[in-house]
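The chains carry the letters A, B and C, assigned in the order they are written, with residues numbered from 1 in each.
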């Protein structure tokens, strides 16, 4: 296996975001490209990351599944500068990472065994789909973080509302002018701790797509020409709400 | 009560400064504008903040006294961006805070009961008045913070001197060229911990006015076209100085 | 003694770097200029700093040896701005430091007694000399810091290699195109904790010069037109490597 990325910043940022949710993952490399699918240790959230073959300037590989400590990988990827390319090559039980810069810089990362079965992103059905500007979603989630540790995603009469209530409360309202809303009336609560981690991914793309339903998991999709990042988050179903 | 600020950054910065000295305040709103007067828990310092009616683009209110947790208010005001307007509206036992941005964002802040009587800034007499560039005052106070935890404000033969002495010492001297000095010879010591908090207010205006006298409280005034911020600080009278 | 520096930033940065290795030093001032020579408390590293007489705009002094707490000096030097000049004057048992700015700012720093004999940089012989771009050395050392706490400097067939091995590994290779290499084959290991402190000095000059030999101390030299900074570091000779 030998793959080359001429603009490794997307990979570097994605790894940084994923590393906040899980510490060890299997990186799969096959004819479609590179992908990571992982569930967080609390079984509350899943992450799927996909870097299609076309995003690589060189791509020679069979089917690989690389057990990786994400924190180590993150530290190494951070060492690349703005203009540097990245070559990833599997060598026996190591992943060789070459940063192509003015000088030859090489890292070897030990491959590790990952316990448990491979995960796949589940196929879920949703009653509501909202596509909105990432910058607005980020602002709304951070607003909610000021007053509470969970927020509700609400569809009401064609409007999309993000609302958090503690001692104090925060609320954002999106009409059809500010978001593409294809949705039925519904309401579901989600943990802000997770959402605040997910929105770091939103910053990678102008738009974010939310899929949810009444007291149902959330699926959040961030797509660019060169990568896809998806999050699934279990709802917080509470009786006192 | 409904008031609107088109440039809420002054309020946001003032609340940030005041929140370092007190945690809960009464915000008074009446025909003159909005004001806060508070004493710090150690009874060493007082703060007065005034935002005149003319600073608001909309101002409909009777006489109000709103009990507010400053830390919560600070967090909410920080959520406003550079170009956003702010509407504050009292609704029953809540203060509704609307950030007017691309999307509708709303916060509700619980009003609280504040114990103790309302404070007013005392009328003090001073023998010395110094008006100087805020940037110079900030530099001098920070200089002193490097060597000690208190400094002296000294008037000597028409010069204004700020001096701190520990194992090491720091000293700044202002003549009539660098400051407007209307003063009698005197000397008074003040806590640098408090002064370092006050000078964050100095950064809001080009000039800062100091009023003091021999072993007497300090009054520090920062004025802009749109707001006034005043601090009073008890002197440190020590026998070993 | 009275000396004046019109661009005190080099002194300020050097003192900051040295203060990470030692807390108290003798600053020598004589007809050649100003110099500091010190050994770190663990006896693993030495630092030599030299500011020649020509770097000063005013230089009136006999032979002086000033015992200084570097942390205090560092804090005071930081108070100077970009355009300010610095006058250092010995007065009895104090060093008076004047920051020439819009206003007169003065610090007095207590001189202290330094225990132990004066150190001098030793004369060592080396088999290898490498002159390279500081930015490349900084990147290589920081690469190594990601994977281990020591790295090897290796000369192999005319190439200079910096390599660290832990569970993961990092390696940079310099050929004659990227560095001036006058060297025999050799290998020596050094502590990354120290190297990471030294490379803050490298940032002061475009080029850094490394002198070393097989299992031998390292000498690192950073020179600009106005100052010289040298570090000596004992090798880590380990049996399990």
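The rule is simple: contacts are C-beta pairs under 8 Å (C-beta built on N, C-alpha and C of every residue); 3 or more make two chains touch, one makes a residue touch a chain.
Bear in mind the structure is a predicted one, so any value in this text is a computation, not a measurement.
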item	value
Pairwise touch network: line, ring, star, complete, or other	complete
When chain A is superposed on chain C by its C-alpha atoms, the rotation angle in degrees, nearest 5	120
Numbering shared by both copies at the chain B-chain A contact, with half separating same from different	different
CA centroid of chain A to CA centroid of chain B, Å	44
Shared interface positions of chain C, touching two or more other chains	none
Footprint of chain B on chain C - complex, ascending	72, 75-76, 79, 101-110
Contact footprint of chain C on chain B as seen in their complex	133, 136, 139-140, 142-143, 146-147, 167-174, 178
